[in-house]
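Here chain A shows up in two complexes: once beside chain B, once beside chain C.
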Partner chain A sequence: MLGRRALLGALPVLAAPAIVRAQTAQSLTFYYPIAVGGPLQAVMDGYCADYKKETGVTVNPVYAGNYGDALTKAQTAIKAGQGPHFAVLLAAEMHSLQDADILVSLDEIGLDADGKKWVDSFYPAFMANSHVGGKTWSVPFQRSTLIAYYNKQAFSEAGLDPEAFPKDWAGMSKAAQTLTKQDGSGRVTRWGIKIAGDLGNAQWTFGALANQVGQKLMNEAGTETYFDAPKTVEALTYWRDLAPRGTPPGISAWPVLSPDFLEGNTAIIWHTTGNLTNLRGKAKFPFGVAGVPGKDSPHTVVGGGNLYFFKHASAAERTASLRFAQWISAPERAADWSIKTGYIASSPAAYDTPALKQYVAGFPAAAVARDFLPVATGELSTFENQRIQKVLTDQIQAVLNGQKEPGPALADAQRESTRVLRQFL
Partner chain B sequence: MRRETVHAWLLLTPALALLVAFTHWPAVATLWDSLSSTPRGARPAHWVGLANFAALMDDPVFFQALWNNFIYAIATIPVSVVLALAMALAVNRAIPGRAALRMAFFLPTMLPMIAIANIWLFFYTPDYGLLDQVLGALGFGRHNWLGDPALALPSLIAVAVWKEAGFFMIFYLAALQSLPPVLREAGALEGASDWYYLRRVTLPLLMPTTLFVLVNAVVNAFRLVDHVVVMTHGGPDNATNLLLYYIYETGFRFMDTATAAALTVVLLVILGALAGFQFGVLGRRVYYR
Partner chain C sequence: MKTNWVLTAASWLLGFLWVMPLLYALWAAIHPSEYATHLSLLAPWTGHNFAVAWAAAPFPRYLLNTFILVTLVLVAQFVLCTPAAYAFARMRFPGREVVFAIVLLQLMVMPDVLLVANYTSLAHLGLVDSILGIALPYLGSAFGIFLLRQTFRQVPQELDDAARLEGSGLLAIIWRVYVPLARPTYVAYGLVSVSYHWNNFLWPLIVTNSVSTRPLTVGLSVFASTDQGVDWSVISAATLMTSAPLLLAFLLFQRQFVQSFMRAGIR
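== the complex of A and B ==
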């Protein structure tokens, strides 16, 4: 008896250092992806250094590759029992991460009145992927829409008005064909347009194309897809038929779109607004930024990354992570990140900061992506998201390479995705 | 127990522990995982028998990855081995700039596959990449090397051969250096032509090296997928999806560990069968001095 009492008495003493340590998490780790060019790692390191100066808390930012890589690394590390405390991951991974049961909701971490106000401060469109079961699971960090970058010099050269980017599909195809330039031997020296068809990106671009005919690719719950809908087929047919006169036949890959554009190899690219600052710094010709067109009028897709918090972190680490998230998404930082990248600042308040106001006034292109938010749809987001992405992308690639017709290809994609999602209905 | 027996076990223990921990136990665990379902969040794994393997039989991507891997293996193995031998024979004799040539041949081996893949990514860029620029100057059109299903796998094979040949050359070169020069002199006295000498003396004496190189080449044909990750992600439409990459994709992208384990068992069986063939059949025909 005595032994046990002595032991019990000793417990608080033994546990005390651990509690002290736990109450003030002094060191946090988070993963983040980079999907665009430019020295963004230095920017992120700078934020964390500033945070350390202000609060004394060390935050280690770990660059984890593109969105797919970051997701793989975070999930694998957490499975192995030592993942990051929080991470920037694709907003569209919401359902999959929920299913993996590794997230902790903001409500569970604890939101005071200020915290609730903070959650309500973001653009509602960016919170669309954050709510499930009455709880909030993530907050927007770097959000984007698909926009068009175009070479104004090439437009003038081809006899097009560099201030009037096409607004509908017919105009888009015509412009692309007009912009494609061949040399004497018939070799193409400049393509009209390039759109990313590689794995991890094709489904995003295609989400915009589907929205351009007024078709959604999935339901809100992430349990159904609409790949074989007639309008989805129409969207893929349009994409395919841009080749060979407007765009090169086959697949163009996301990572080479920016170099292609900067080299003058293509006059137009569809890319993320997050690439704006990178292109602005490197382009040797005047370029324009416009909303991507639509069958009748411009329509696009939102994308980008949210901040997710992980369940395996201790209570103190969760709280500290949330505090950092609040700090880094404050209007001044959001404005700064937007200026340094081109991503849409996550809250309207950021656009009221002097820094961003001044920036947009001097560089109106910086506001284009935000202005197209009202005509943007959510990106493909389902359970088993990575698998569904691949199912769709494989078929898109088969069509772009001329191996299949859009109708049968998308019917195959729908059959496979129905099979994968059956268990979640 | 006899003293010697105890000693023997004590001496064996470290090696045995390592072997069990890093080779045998993972293999058994993989087999076990392949017979269970994938644990997801709140749903733990449960026994499913051969269901994962049955699902593989219905998976066209699995068969395509198998077929791709077959093509990849039968293209990379002979080409890189023959090329390695030719390079070794070329730099084994006294020629001007021999050291520089040897280094040039060996250079690709020293670079990590990721770096090589990035270099070749530039070579393969359509329109303004190195290959298209050279071919364009000769009057050929545009090639989407990595985006065209007909060209993508051959393009990856070329990268693999480029990396592997130099590595195998080193083994051949070492073996050639160790051949006794008296054989060469005896051959010359008997009036054997270079070709005859190569065919009847050099190649048979190189057989142990060839077996070693072949084993390595076969393993690498299934093991080296870094360039797939960097260059194509298995695309377009699975045209470059190799078995190990498919395992990675299933296990770490889709987090479907059970299917990945079943795929791994398939890979283990294939490699086991190939190793059995190489050591059992080829090994017996090898002349060891």
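== the complex of A and C ==
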């Protein structure tokens, strides 16, 4: 095994690169997580069967649990030398994966003119977590943004215009307070808005809030955070001050936001576009989809999973992986995956396909998230990503729980993250 | 009499607290999702959730895999732990205490720490993505050895001697004298082992890649669709389906299990 791999590695030096290109890998394995409902394993198996028919190359898709499980599984397998050739993992994990030294950049695999065109074909917002050191490390696959879902019936009931979702912070707070409903005994029967503040999600929501005042949370290299910037503090203060009249005091958890929304316990939620198909199937009331507001105008954050390529694969396998990635992110497939999952299709070309055009015509909400991509920022992504997320989330929760003021809390978060990230500077 | 009454009431209360999640799962599973958090007696009944859950993953295959896995682990643990426990309980050899201490050390190591190391070994053996591969790290059990050793030590030496005088060999003594007397311990340990491996999630997820090897728990994770929140009704239906065989087995053999636990001293 070792001999063969070493030989393959040496080939480009010994022979012309064209010879290496000519040998194609006939079998590839990749891991992918599923974070939305539906028979998506069957859909993915179908894509790979089609690919085999078209090209003769076998691609084994391995369902790997949720995003966290998939990351653990891929890293464990790669360390044992049996890893996948490529995988769908969180876009935000780029720096951590680089630190683990298991990624190979697209530039190193080799992009010809067509390949470069392909990389440029995606929405720029979805490439926001893909670049570092002048290289491209991943391409978008199942991507989302934070958007607002609102109960139109509740809007009408509260005397608000159901077609005009608030666009700025002041309007948002006012609407949330108006929508909160109490019964005779003063018990709240419906909250205006719920936003996720639990671990693993708080940093995402907060990335959008920071972007709403025009503040980034980290630099592109993933080595610095800006948690104690005055605007970051302003964003957290705004979040805290939504309670107790517009949102419940304390922490609302991501997994219960949609059940709460569906049951009418809250009139607005900020959630992922990946939830659209689910809510559409289950909501018993007319609901609207809108961009989340901003201090002055709507701003949001992107999320979801990218395709990463791994270093341990041979040159032929890397090239074959890249070819499959190009095939599966082609407009028709991207459109199909978007319709079946609710994620945003990764390229503008996908929205020009007949399938997606027809879908959007019948369900205009599907295009709302796409329209807010120009005002979306990359999500929090640094070295030691999960540790930094935890540092930030702990402080956000302390503020939401009323134990700390936003200023000192975020100063603590910044101090801790500077300490963790010092070694990567 | 009065304390008895208090004790009974307390037992019922504890029993109720214990069974509540199960009752809730049952409630959520047989009603439409919108009633998942509204306890209304008028809520319509439905089998829809079970149908959705059943269709979402190849559960019969997963059930078979889980069954093979727990059986394999249990049989191997019994076969491997029994002679080891006998050796530690009754045989004299230099370094016995040291070796036993090393075995006990295994109890202190969290299995999760060994994920990468175990995976690497399996990769060398070519056992990744096989049921044997999931089972392998658990076949030799320090807990099983310890438990059986304690039980074997309580077997009167006279019985051992008598069997020896009758001309029984070493294996015959273990099989005819020790194993029958330790039956409650085997049952109790078996229950602990089966329920642990029935529920194990992270390791099987990491080491398996295909439907033909994955156990139920990995199949269940399809329902933890984090991007859209949890559908309590469907997840409850799926949970009931996957835990039903264990629950039924426990109800059927309840008396034996309870007695075994009393005698074996595991509580």
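Basically, the second predicted complex is superposed on the first by the 375 of 425 C-alpha atoms of A that agree within 3 Å, B and C clash if a C-alpha of one lies under 4 Å from a C-alpha of the other, contacts with A are read in each partner's own complex, and residues count from 1 in each chain.
As a convention for this text, a residue touches a chain if its C-beta (ideal position, glycine included) is under 8 Å from a C-beta of that chain, and two chains touch if they have at least 3 such contacts.
Worth saying up front: this structure is predicted, and the values here are computed from it rather than measured.
Residue contacts after overlaying the shared chain place A:Ser144 against chain C, while chain B stays out of touching range.
Once the two complexes are laid over each other on the shared chain, residue contacts for A:Lys284 go to chain C alone; chain B is not touched. Judged by the touch definition given at the top, the superposed model places A:Val62 against chain C, while chain B stays out of reach.
By the touch criterion stated above, A:Thr223 is placed in contact with neither chain B nor chain C.
In the superposition on chain A, A:Gln177 makes contact with neither chain B nor chain C.
Applying the stated contact rule after C-alpha superposition, one finds that A:Ile34 touches chain C and leaves chain B untouched. When the two complexes are overlaid on their common chain A, residue A:Thr72 makes contact with chain B and with chain C alike. In the superposition on chain A, contact is made by A:Glu263 with both chain B and chain C.
By the document's definition of touching, of the two partners only chain B reaches A:Glu384; chain C does not. Of the residues of chain A, those at positions 72, 76, 256, 259, 263 touch chain B in one of the two structures and chain C in the other. Chain C makes touch with chain A in their complex at residues 33-34, 36-38, 55-57, 115-116, 119-120, 122-123, 128, 202, 205-206, 209-210, 218, 221-232. Across the complex, chain A meets chain C through its residues 29, 34-37, 39, 41, 60, 62-67, 69, 72-73, 76-77, 79-82, 144, 254-259, 262-263, 271-272, 274-275, 278-279, 282, 284, 342.
By the touch criterion given at the top, residues 40-42, 61, 125-128, 136, 139, 141-142, 144, 146-149, 233-238, 249, 252-256 of chain B touch chain A in their complex. Across the interface of their complex, chain B is touched by residues 68, 71-72, 75-76, 98-102, 185-188, 197-200, 248-253, 256, 259-260, 263, 265, 384, 386-387, 390, 393-395, 397-398, 400-401, 403 of chain A.
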